[in-house]
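Both complexes shown next keep chain A, but they swap its partner, so chain B is in the first and chain C is in the second.
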Partner chain A sequence: MEKITLDKGAPEGLSRVDGRMKVTGRAKYSAEYKVAGVTYGVLAGSTITSGSIKTIDTKKAENAPGVLAVITYLNAPKIPGYQTETPAAKGALKIFYDDKIFFNGQPVALVIADTFERALFAASLVKVTYNATTFQTNLKSNLSTGVSPHNGPDYLRGSGDAYKNAPVKVEQEYLIPTEVHNPMELHAIIASWDADDKVSVYDKTQGIKSTQRSIAQAFKLPQENVHVMSPFVGGAFGAALRTWPHEIAAVLAAKVVKKPVKLVLSRADMFTSVGYRPHTWQKIGLGATADGKLTGITHEASGQTSVYEDFTEGVVNISQLMYACPNVNTKYRLVSLNVNTPTPMRGPGEATGAFALESAMDELSYALNIDPIELRMRNYAETDPQTGKPYSSKFLNDAYKIGADAIGWSKRNAKPGTVKENGWLAGYGMAAGMFGAYRGSATVVARLLADGTLHIETAVTDIGPGTGTAMTTIASEVMGISSDKVNFKLGDSTMPPSPTQGGSSVTATVGSAVSDACTQLKEKLKELNGNSESASAGYAQILQQHNLPQLEVTVTSKGGPELGKYAMYSWSVHFMKVLVHPVTGVVKIQQGLSVADAGHIVSPKTARSQMIGGSIMGAGMALMEEAVIDHRYGRLMNNNFADYHVPVQADIPQIEALFVNKPDPYLNPMGAKGMGEIATIGVAAALANAVYNATGKRVRDLPITPDKLV
Partner chain B sequence: MKSKMPGTLPECEMEAPENSRRNFLKQSALITAVALTPAVATKAADMHVDEKIAEAFEKLPIKFEVNGVQQSLSVEPRATLLDILREQLDLTGTKKGCDYGQCGACTVHVDGHRVNSCLTLGVMVNGKKVTTIEGLAKGEELHPMQEAFLKHDGFQCGYCTPGQIMSAVACIREGHANSETEIREFMSGNICRCGAYPNIVNAIQEVKEGGHAV
Partner chain C sequence: MKQFQYIRPATQQNVLDAITKPGTKIIAGGTNLVDLMKRGVTAPDKLVDINHLPLKSITPSKTGLLIGALALNSVVSENTLVLQKQPLLSMALKAGASPQLRNMATVGGNMMQRTRCSYFYDTTMPCNKREPGTGCGALEGYNRMHAIFGTSPQCIAVHPSDMCVGLAALDAVVVIAGKKGDRRIPFTEFHRLPGDHPETDNHLAPGELIVGVEIPDNNFSQHSYYLKVRDRQSYAFALVSVAAALDISGGVIRNARLAMGGVAHKPWRLFDAEKSLIGKPATEASFKHAAQIAMQGAKAYEYNAFKLKMAPGTITEALKHAAGLA
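Our next item is the complex of A and B:
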């Protein structure tokens, strides 16, 4: 077991390979490329929440200085990909398609001008009148309208609602508000048509190849005629998993004005254009024997989606998977509202579900008077409860122990509201998280040059976790060469295909391809060297001896049949110590600690930061984040950073991340499992549980703001 | 305020101000031309000279120093320092995160003090010295704060990083880096959504305690 401790010394592991670019301002994000003749687009949004456009007067905007075009549904060239879809079918919002308005802020016009200031001003001159119709934006008052997605059956294992007959039970409702990804980089795209059937985009995206496919599909272009570049992405957390209407609009606008168009969303646009974690109502029923064996779990959830598109996520899955329990039934419903479509946000589904399940487990621990960790251990699943398959690896029990020792869990007083420190109520809480460990397919090209440097390319992105650093570490370890001899390049659709960065799968997927490519290179070197192993220092020499300028392999790598034999999951446990002011209800996190079972930790320095960052995002979810709609108008009231609070420095103490660091034997050659999601899944419950331990007040509707504690 | 039924539109659409100053300038330009000769006036109108004159009147000359280099620009009064740096001077190290002074990504130094460049109009820095992230290192030699951010992994995606570093340097210069708590308070104007806060604090403390000149 490796402990990565936090002190003022540097965390161990390779520093970010792109770090120097980032600290000097040389790293260029999508809006920052100098493109000759670039013009600027600014979107104007609907001021009604449902209905249709009656009139659009664009004359003033068109006559404003510097304006090149004002695009609306009335004059927009037809987007070929939109025409082939069934008009009535639900699906992605089609921008400038017709007069229909589904939500407040929906783009109704795009102004293109020669400067940003002029485009911004002209957008304010677009005059739209509407036929407004009644709308619904309130989840709570529309719960009864929920429908089962895809008409799928509800999940049942054993008998349903078994908790109701248990000797000890918990039955509670939990609510999470809409949470918005809000990466610091605004979504941005620069689109340029290089020929009538060829377009290039610098675009903020998590998926290079998926963006290439989406744009090609929308404009009916051969895929290779769409060039997508995204070498640096300023955070995304799920918000750049798909191609959004504004990206299609920018490509369209560049065609209209016959010039490159740069479109940068405003922070307000970020709340209505690129998804969010949906407002979700949940109900949990837990039943247990007096000695703490779970006899029934019932989990119901209703999440909001838009009226034009269904968005589903695995909110209730965690209740089917987390604990050994013979009787489990779950039910998931979608409530269509006049809002924009949600999208996966870090720990999609599971972060929402874990808040409810892990809060309820805490409530059960108090009802049973059993320590929360002990309760979890009494229901520890040794095989996958859903399929009965063995786990590829599971060291959650180790994680509980490591975490309990490190945070000083023994100091927790099981009686809530009894401990005071300097006038503040103090409490400890914990909660667990899990997420599927996936491995997809990736192709990399690896070139060893005669100077001994290794160059690897694949069309993946790095939204922040440190993919380049992890890949460099893998290559350097397999080849036995120093990391400064490895040059890993990503972020361009002309490179070999790689998956979208999401679902905690990139290290497992792309890392395997890098590892396989390096292994093949080594074998080739061995052949060249008369079948004898060569020391890494001799690579350059072998190439030189054979007069080879380079040695190149292209390798596609994906998992084998073992992926189907095992249940593969990453696991986490989060511990929090909070102080709650008894008069004001202010919650201060005093100590935070997350422990991950994410297999072998490939890149310890960046992994540690990713775990800490995930915990901080969970702290935001627990304590402050809430997008609020004024249901009289269907409009967001806090679409900016002054009113929508995310954690800032003053909210966050030193948070620690520790790793079990035991390899998974089956998922991939590195023994690594994913980590991005489990860093956040469970954090909100850990904080709610700590607040309960401190105050005796159970808050079941996030965020836990002071008004709920006084 | 009268209560509204749900689903009705409040009368709160903003009326954009009439573009009167610009129209006045355009008209004045044409009237001046008419005073010369009608033929000149016609030609001037054809060539959109009125537009160009109006544009010239609308822009203001500014001179300021950026990272030690003197810049003379003609800018619209409404153009922010942030947009001027990014769009006109190609200094894209300074980041746009909100445009409202709420996130700190655009932090630069003006005459040595940290400011949000999105809340600073270009015309306000006339005659001043601006330092951006691109001006912090001495050639290839990084500033101690940049080194400390690398060492402590004070970032992930890197987008808020230039603003964090500019703010961190100023935080020490201001004498606001004497404890972890103080650093957290005085660095709270710079949001990091990736959550690198503890690492950022460690980086700042190392530079402060190392006694480096910042």
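Our next item is the complex of A and C:
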């Protein structure tokens, strides 16, 4: 294999601009704001899984010390946005709307008291009786009830099920359990009505403007009368992409008690209130010629959703897009169950689909006796297989080579179950991932002050990737000023609009606006300077000469029509080396390595952290995360951090992240592509493939816990 | 959480006086009790704090090592005498919980911790241990973590401790104070099987206080090992764990101790398997044979059948480690 030399001379980049604030506790998260006169809300959840509320006795709770109100569907003021919208067959859960129960844990009451402890105690005193009806929570036994989302057609390219006629084929089923985002920071909101028609919220959210719109819509307020503040978010991974019922409930409660209300979900609430990656069944058929050219891909998937709302994601899309294959057909079904609605979780759909597709590709590599990387290269898509469009940029082949070289892929013994290290079976696995590279619209205001400092604002959030750091880097590079002269502010709805942080699009979108704004500032400075380019050291002087306290531009930036000409994707390759104990079945990751083709890397340090974090999330998906329901009761059995396992330090070795770091010429001025999703997409398959290489056991239902390997 | 009274009696005698009333619970590290109170699984009227009692010391006695009931799990696991004389106990402790929890949890509290069965913890579910007569949710439910030995139709929960598995293997004795005076119970007889009264975890009588455990000196320190199989490498309860201690001379086993965790309502001592090892060569074959004996009478449920295979494998593996063969 040709050796690709990495540009080791690339600067490491800025340290996280808010890192010191975060580790010293000065960064305030939504629940931490001191709001005068604040009261505390605690939700009580349904203990049945389907049916209706027969009676609610709130007397004891209301009489408990410190209680200000107990809100239920019986006494809740009508939420205007719930009343006027056209009644749809399905939609978001309307909290305290009627007596219907759709899932276990659905909020049935909100207690507001003067302290959190009193509210919590009083919530335990709310007594509810129900008319329980039969319910379904088991995906596997309800697969036959699946329906096509919006009754849409299935995807077909070439001829369907072509794999069946191939000389070499793989046909297997794969299963992922429900996986819950579980960011470290609990979802929290503090809602205060400043006037009858004006409300302020400190809220954990990924979308400042979307939250503002949702609350305004629910309470029929002018959008500008809703002030959303979310300057720090302690992880979200998709769980804060939308406005959830508890947020509406807190705003409602603040209106009822005429005081600010703080509502922090409990860890148990987090399992039933803010979405999850849905339990999904998949079937893959791959057909290939003896020399490893794919002749057919068939991918079917059925994911669970709630009975009240459809949630769809791109589970099967990756099979339409990843490889050059003339015949592809996919089918995606939704199975409605008595559960809460899922929501995108990092690498949504694609991470689920990639587990199946990239596991199946590994199985095919063994069936063909062709190295898994070689197999992928033989089916490399040079243009987008779905549309035929050229890629804006694609350096996945480079990523394969960089990764193979760095992990020492040549040391892998292709024969499974044959390598032992200190009594443990050792194995290598790899898998690839891809995700659309998007660019939306964002507006920023940039002010250059006469002291030479630059202040930029936009209503985006930073859920952890280091948005502030990336934006500071871009501004400092375009303006040619040092980063400590740049002050980037975010997280407030009074700032110019920015998109929701999600779908790996913020650096490409907001970064472009920052870049454009800085370019405009430079042009203005040039004009002021008699049309001559000024060195950055002279900016302050130019302003002072013209007696200007500041120079301000507001710039809206979005991609032009050229975006439509190209297929735009980020790519990743994940490598894992595992040790598996032959007797106990314990899996230890010994080495992890991810390589990303995410265009030009704007902020190397935070990009590396993001890739490593995504890999750890994938490790959790592969090896331990699983929300379990007792289908007799429809109730979650492990809604806490002792029983729902996420990786701990001891599970994670050194994980490396490398970047191809070649700019995308079309997507945006920085040449950057998104990376949040590709950091996780493919990781679970890389681990499953490594476990197979180590043991000869193919685990197709996640997580790969020791019991499945003994 | 229900409102409760909190008291801190000055002396051990005052504590014994205070704990006679029903509805009273002793609190030490609180790492389990507070969880249970928050979840509504237990709702004491009164908490008696004993953290200040002079029961923290780890001292050699004529015949063994005496560890105070209030010695912290973290302190015991790093104690020089423990590491020298009873390394198995240190290994078992370090396999349990997380460093944060071990910094709060006490030896006595660890013995008194209750099962982690999900049905026990969820007050909307049936559970004979939490609410006698309501049935066992786990019996035909999600019982992946549950027992394969000594179960009853009333309860198939497991005792969650690692430390207790070590102490059961090491022939520890529980020292108990009561109004009628002190008494001593072999550690293996401290916890009980569920039978018809799963609500009772152990033989500590109402009004009694654990003051410490004593571990007799032995010849196992060169050949002991604690092997815990779990879903992640820290802060996870055992799927199966094994405490193995061997006294080997000239390649022949002179004496052996074996106990298992994650398989029964109490730390599961493997007396017959131990006997089978005495006089045998310290080889994998002997260990496999012992593991086979250990599994007699095992019974699996829908989700924990893997333990029937994992448990004997883990016994063999732990013995190999103890013997220096792995």
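Note that the second predicted complex is superposed on the first by the 696 of 710 C-alpha atoms of A that agree within 3 Å, B and C clash if a C-alpha of one lies under 4 Å from a C-alpha of the other, contacts with A are read in each partner's own complex, and residues count from 1 in each chain.
What we mean here is this: contacts are C-beta pairs under 8 Å (C-beta built on N, C-alpha and C of every residue); 3 or more make two chains touch, one makes a residue touch a chain.
Here the structure is a predicted model, which is why all the values come from computation and not from measurement.
S.K.: Output check: A:26 vs chain B and chain C. Expected answer is one of first, second, both, neither. What do you get?
M.R.: first
S.K.: Where does A:584 make contact in the superposed view: on chain B (first), on chain C (second), on both, or on neither?
M.R.: second
S.K.: First (chain B), second (chain C), both or neither: which does A:710 touch?
M.R.: The answer is second: A:710 touches chain C but not chain B.
S.K.: Considering only the touch criterion stated at the top, classify A:47 as touching first (chain B), second (chain C), both, or neither.
M.R.: So A:47 meets both chain B and chain C here.
S.K.: By residue count, which of the two partners contacts chain A more extensively, chain B or chain C?
M.R.: Counting contacted residues of chain A, the larger count belongs to B.
S.K.: Touch check for A:133: first (chain B), second (chain C), both, or neither?
M.R.: first
S.K.: Could you look at A:648 and tell me whether it touches chain B, chain C, both or neither (first, second, both, neither)?
M.R.: both
S.K.: Which of the two partners, first being chain B and second being chain C, lies in contact with A:232: first, second, both, or neither?
M.R.: In the superposition, A:232 contacts chain B only.
S.K.: For A:463, using the defined touch cut-off, is the partner it touches chain B, chain C, both, or neither? Pick first, second, both or neither.
M.R.: first
S.K.: Could you look at A:616 and tell me whether it touches chain B, chain C, both or neither (first, second, both, neither)?
M.R.: Only chain B; A:616 stays clear of chain C.
S.K.: Can you list the residues of chain A that meet both chain B and chain C?
M.R.: On chain A, the residues that contact chain B in one structure and chain C in the other are 47, 117, 121, 124, 632-633, 642, 647-650.
S.K.: Under the definition above, what is the set of chain B residues touching chain A in their complex?
M.R.: For chain B paired with chain A, touching residues are 4, 6-10, 13-14, 16, 19, 22, 51, 54-55, 76, 78-79, 83, 86-87, 90-100, 102-103, 105, 132-134, 136-137, 142, 146, 149-153, 155-162, 165, 180, 183-185, 187-202, 205-206, 209.
S.K.: Of all residues in chain A, which touch chain C in the complex?
M.R.: Contact set of chain A toward chain C: 47, 117, 120-121, 124, 423, 581, 583-586, 588, 623-624, 628, 630, 632-633, 635, 637-638, 642-643, 645, 647-651, 703, 705-708, 710.
S.K.: Could you pull out which chain C residues touch chain A in their complex?
M.R.: 1-3, 40, 98, 116, 118, 122, 124-125, 137, 140-142, 144, 227, 229-237, 239, 306-307, 309-310, 313-314, 316-317, 326
S.K.: Within their complex, state which residues of chain A touch chain B.
M.R.: Touch residues, chain A against chain B: 6, 8, 10-11, 15-16, 18-29, 31-32, 34, 47-50, 60, 64-65, 115-117, 121, 124-125, 130, 132-135, 181-186, 232-235, 237, 264, 266-267, 463-466, 605-606, 608-610, 612-617, 631-634, 640-642, 646-650, 652-655.
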